[in-house]
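Next come two complexes, and both contain subunit A; in the first it sits with subunit B, in the second with subunit C.
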Partner chain A sequence: MSSLLNPAWALLAAVVLGVLALVGAGVHGMVIARSEGRSARSGALSPVFELARLLRQRRRRTVAADVLLWRVGCGGLVVVALLKTAVIPFGSWILADIPVGIVWFNAMDVLLWAVLWLLGWGANSAYGLIGGYRFLSQAVSYELPLMFALVTPAVAAHSLQVSEVVAAQNGLWFVVWMPVAFLIFCASVIAFSSWSPFGTAAGSDIAGGILSEISGVDRLLVLAGRYALLTTGAAFAVAMFLGGGAGPLLPDWLWTLLKTLLLLFVFVALRHRLPAIRPDRLAEVAWIIVLPLALLQTLFVAIVVVVGR
Partner chain B sequence: MGLRDSIAQGALRRVHVLLVETPGWAEVRMAVEGELRLRGWKAATSPADADILVVCGAPGHELASVCARVWSQMPGPRSRVTVDVTRDVSTALDSAADELGDDDAQRRDARARPTSMPQGLDEHSSVDHAGMDHPGMPGMDHSGMDHSDMPGMDHSGMATHDHTTMSGPSGIPLASGAPDRDGLEMDVLHVPLGPVLPHWHAGLVVDCVLHGDVIGQAEAKVLPAAGVPVGLPPDGSAGGEQRRVVVRNCDQAARVLALAGWPSAATRAQRIRDAALVGAALADLGAQLESLVRTVGRSRLLRWTLRGIPAAIGAVGSGEPVTVRERMLDLLREAAQSAGGASERHAASDVASQQELLRALPALIEGTDVATARLIIAAASLDTASLAISGAMRHE
Partner chain C sequence: MLAVIVFCALAVVAIASGVAVFRVDSMARATYALAISFVAVGAMLLMFDLDYIGVITILMMVMEMAIMAIYMIMFMGMNPALMPMSMVHNNRWALILSAGTFVLLAAGVLLVPWPAPAESPTGDLTASLGETIMGSKMLVMLTVSPILFATIIAALVLANPRGRYDRWGDDLKRRSPHDLRRGGLGG
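Here is the complex of A and B:
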């Protein structure tokens, strides 16, 4: 796998991320249009219209807002998603194939704790604050299972380097013998993107929660950031569990693209089909059922690796 | 100009509309919601999210002042419109959209806006915020910090953990502390829920004392309308009463489903409601309702996530503890039966029982978190229109 530590490639990666996120948003628009009784095609462009609308809208301020930290929260989602792309392989290319790629990815999604909390807190608004609380209590539930889900492929590949993990799946994709870790990872991606069914932090019951006070370009950054996070999460799941670019006939970069889009569409479509999972209910299940399952999955993989040596 | 025009054209394809419903004008609100769905527009969740403010009906003095504040909090470009009767909905939205797309008018509006508003969008404002306790959209202003007029809740002498700085910025009193339901010292915020909130009873305001996101104390009231509300029109056609039940129950169930964060199910309930409003065959709607009941009833996820949340039965009190989920399913089943031709004669919701329900509401939500409280309130069959009329008559 070749590292591409060239600024031009980094720029291209950002463009690819943006396009994929827009496609994801378009699919979401289609799902909504269908459910509201319009043709799916009419919804495909709704993210473009939304983009135009938010570019035209003014920003706003609230009384005694913590403007600096608030704006950091607004811009943070996109930045985190971009930093994540650094370690995500696209076919046989990768921007920075660092030895601790998996840790890098995990460190970035831990940053989201701060970003989403600042977003809720900075506006000096009761609903934003409640949204922030909700996100943090949800994060307490998903973070540890997420970490163990990421450890599992690393154990199997004897490496924290993403390219090594992809190479170790030569022959058998990790999703086959670590499905629990795969499912936990996917659920965590949805949760740290604050996307339904784990999207109560931006729920309509609290007037949009973390989104309740932002408008214009700030809102655009947050909404785009959520799609970008879903996209990078899907792309990383492809590298970790779905064999990266492995596949017959087509070139490996195209396989990466197809698998990523497929997973992204699943994430996007879930939003509309499931009721929201309340953070307080999630905590119980996450700590009593999901975390032990994640540990068992890691244990199982570790035993297989040791015995199979 | 080309780029600016095409951006404006694009923006007008996806307008976000903030709805304010005056008690009694539910039918107009439903018509607007239906129209938004047809156009591919969106209902806004907060003033920050809104392009157009649609006021349904004639709000009374208090509700009108809330509308003015909400209007001042919209970022712009913005436009506002008042709709009184259902048949005006489409033209009203069209004219509001035209105004929204008119760059010159928007520029004039932006220039005319005060740079320092008492409502306080401007952080340089040094207006004294005490006494500004109109219920509005909480959150976008200082209301959370305002404890000046709550007797018994003034713990300003105690250690305070403020959310901003110790100096009390912009003249806002610091948050005070009080023990929460677990006896822990917590900041308290005074937040009015409503009257402008998504999926909320028209005109209802619940003043809450919040510890984090847990409601410590609550007080509920209904803001009156300025005029006589026009309820659902007496339908002369056969099945008028049944149709009314379908509309009312679907509307309420859609609310609960939306608050449970299940948009597809909520949209289905709304579409059935709107079809009933425009006179679709009740038999078809009955079949759709039964299918919706099956989908919702089957969802284990919904059962789990709404487990143990009690419903306020109030007027229809049977004594059995019922959960919000069961209550919502009952509403849908009742609608299905009505659509199928069963005509149980419902006692018209009398004002006394509604007032009793309104009085009982705070006790039900005290000690719950905001998400739970929202579900309990939405599942309560509160007819704010009848309360608003009686309130208006009492004032006269």
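Here is the complex of A and C:
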């Protein structure tokens, strides 16, 4: 299915990612406007205004900040999202259809452990540091369930290659017979994007946490990076569980786009509909309930695959 | 040619960031300098077409460094981890030991009679590498892994300040566990 692409298309992929992230931010603006009693349309352009404001804003500095590590943290989110797009199929096109595409995606979301902690550390601010550690303790809870959620489609497809996983869903989308893995994956996407209800690392109770001291273009990069991460997560969920570009009438790239946008809207809209989940309370639930559930899901799929041979 | 240049550049990055680990004055910088060193090694493995091992190396090492950041706050008293501090101590013995280790390993590289490759590996490189390294020693590995696992469990049991009798009562019959910190399962 995968057609070999000229690496120059990576530039277009970055543009598509940016536009989708902006659409996601626009939807969030609309949700906010609705909640404040304004018309939804009035909020649609708020990310554009915010972008213009942050580009003009002067950087605020803190005393004895570790500037190098701080900047790495600020830029890191966008870089990780871009690196993820390399293995995400867009219809039948895929930039780098490497044999271990799923592991690549997983390795990139592990990079976020480093990036978000550095973001909190670099500012030399107590709130930022608490935010960074909140993210790490949350990551300890979501990462293993996420890994097993990613293993499950790979087991069913006999391959870690993303295009093979998409092709294996020819008859039946994986979401139908591995719904638990799908839900865990979606929750993990929200968690590694530090998005509510898993957004306590940037919670208002600690003055914005990892976001508390960043301003100007740094803040722009981090906020854009979060939307980009949600977008790549939604797009990867489409490839892993929702049949990729499969669908009637429309071309496959359009189906990929539609499904990705739909999932992205769900992620964005969830933010204000659920109470915040504290990392210290999540740990026990994640390790005692969610992880065994993920393992059972993998076991079920493995048995089906072996018996069905 | 290009491959050689990229490989050498990665090697230089790996060594330079390895040196940086001991030159910087902050735990955070040392930790992530080490992470960069490992990522460069992972990228070099990718250049051998060992996709899985390369990517997994990057994944594991970055995660490990982040876990180290958790431990450094958990266990370093008075949090010197948050202050500028020297990354070296016991310099003389450290130099002797590291130079000795280097000489030993380098001598090993030069003196060991490496087997000539019988035929270039076909099919899955990762699998054939695993066969070559572990094939005849699988029994040892199978023995070592449960021992390691048992050690981890034993260490956790010994280190845990509140065991199940504290949580569930002397006869383990309490209906919900008594935790110092509320939340999670069972209030």
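The rule is simple: the second predicted complex is superposed on the first by the 305 of 309 C-alpha atoms of A that agree within 3 Å, B and C clash if a C-alpha of one lies under 4 Å from a C-alpha of the other, contacts with A are read in each partner's own complex, and residues count from 1 in each chain.
To be clear about the criterion, contacts are C-beta pairs under 8 Å (C-beta built on N, C-alpha and C of every residue); 3 or more make two chains touch, one makes a residue touch a chain.
Here the structure is a predicted model, which is why all the values come from computation and not from measurement.
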item	value
Touched partner set for A:171, first subunit B, second subunit C, both or neither	neither
Partner chain in contact with A:283 - subunit B first, subunit C second, else both or neither	second
Which of subunit B and subunit C A:7 touches, first, second, both or neither	neither
Touched partner set for A:103, first subunit B, second subunit C, both or neither	second
Subunit B versus subunit C as contact partner of A:65, first or second or both or neither	first
Subunit B versus subunit C as contact partner of A:308, first or second or both or neither	neither
Most subunit A residues touched (candidates subunit B, subunit C)	B
Which of subunit B and subunit C A:111 touches, first, second, both or neither	second
Partner chain in contact with A:200 - subunit B first, subunit C second, else both or neither	first
First, second, both or neither for A:248, with subunit B first and subunit C second	neither
Overlap of the subunit B and subunit C footprints on subunit A, listed as residue numbers	66, 121, 129, 133, 278, 280-281
Residue ranges of subunit C in contact with subunit A within the complex	26, 28-29, 32, 35, 51-52, 55-56, 58-59, 62-63, 65-67, 69-70, 73, 82, 181, 183-185
Touching residues on subunit A, where the partner in the complex is subunit B	32-33, 35-38, 42-43, 45-46, 48-53, 55-67, 121, 123-130, 133-134, 196-197, 199-200, 203-208, 211-216, 219, 271-278, 280-281
Interfacial residue positions of subunit B with respect to subunit A in the complex	6-11, 13-16, 37-38, 40, 45-46, 48-49, 51, 73, 75-77, 110, 120-123, 125, 129, 137-144, 163-164, 169-170, 172, 189, 191, 197-199, 210, 212-213, 257-265, 267-268, 271, 299, 301-302, 304-307, 369-371, 374-375
Residue ranges of subunit A touching subunit C (in the complex, touch as defined)	66, 68-69, 72, 98-100, 103-104, 106-107, 110-111, 113-114, 117-118, 121, 129, 133, 136-137, 139-140, 143, 160, 278, 280-285, 288-289
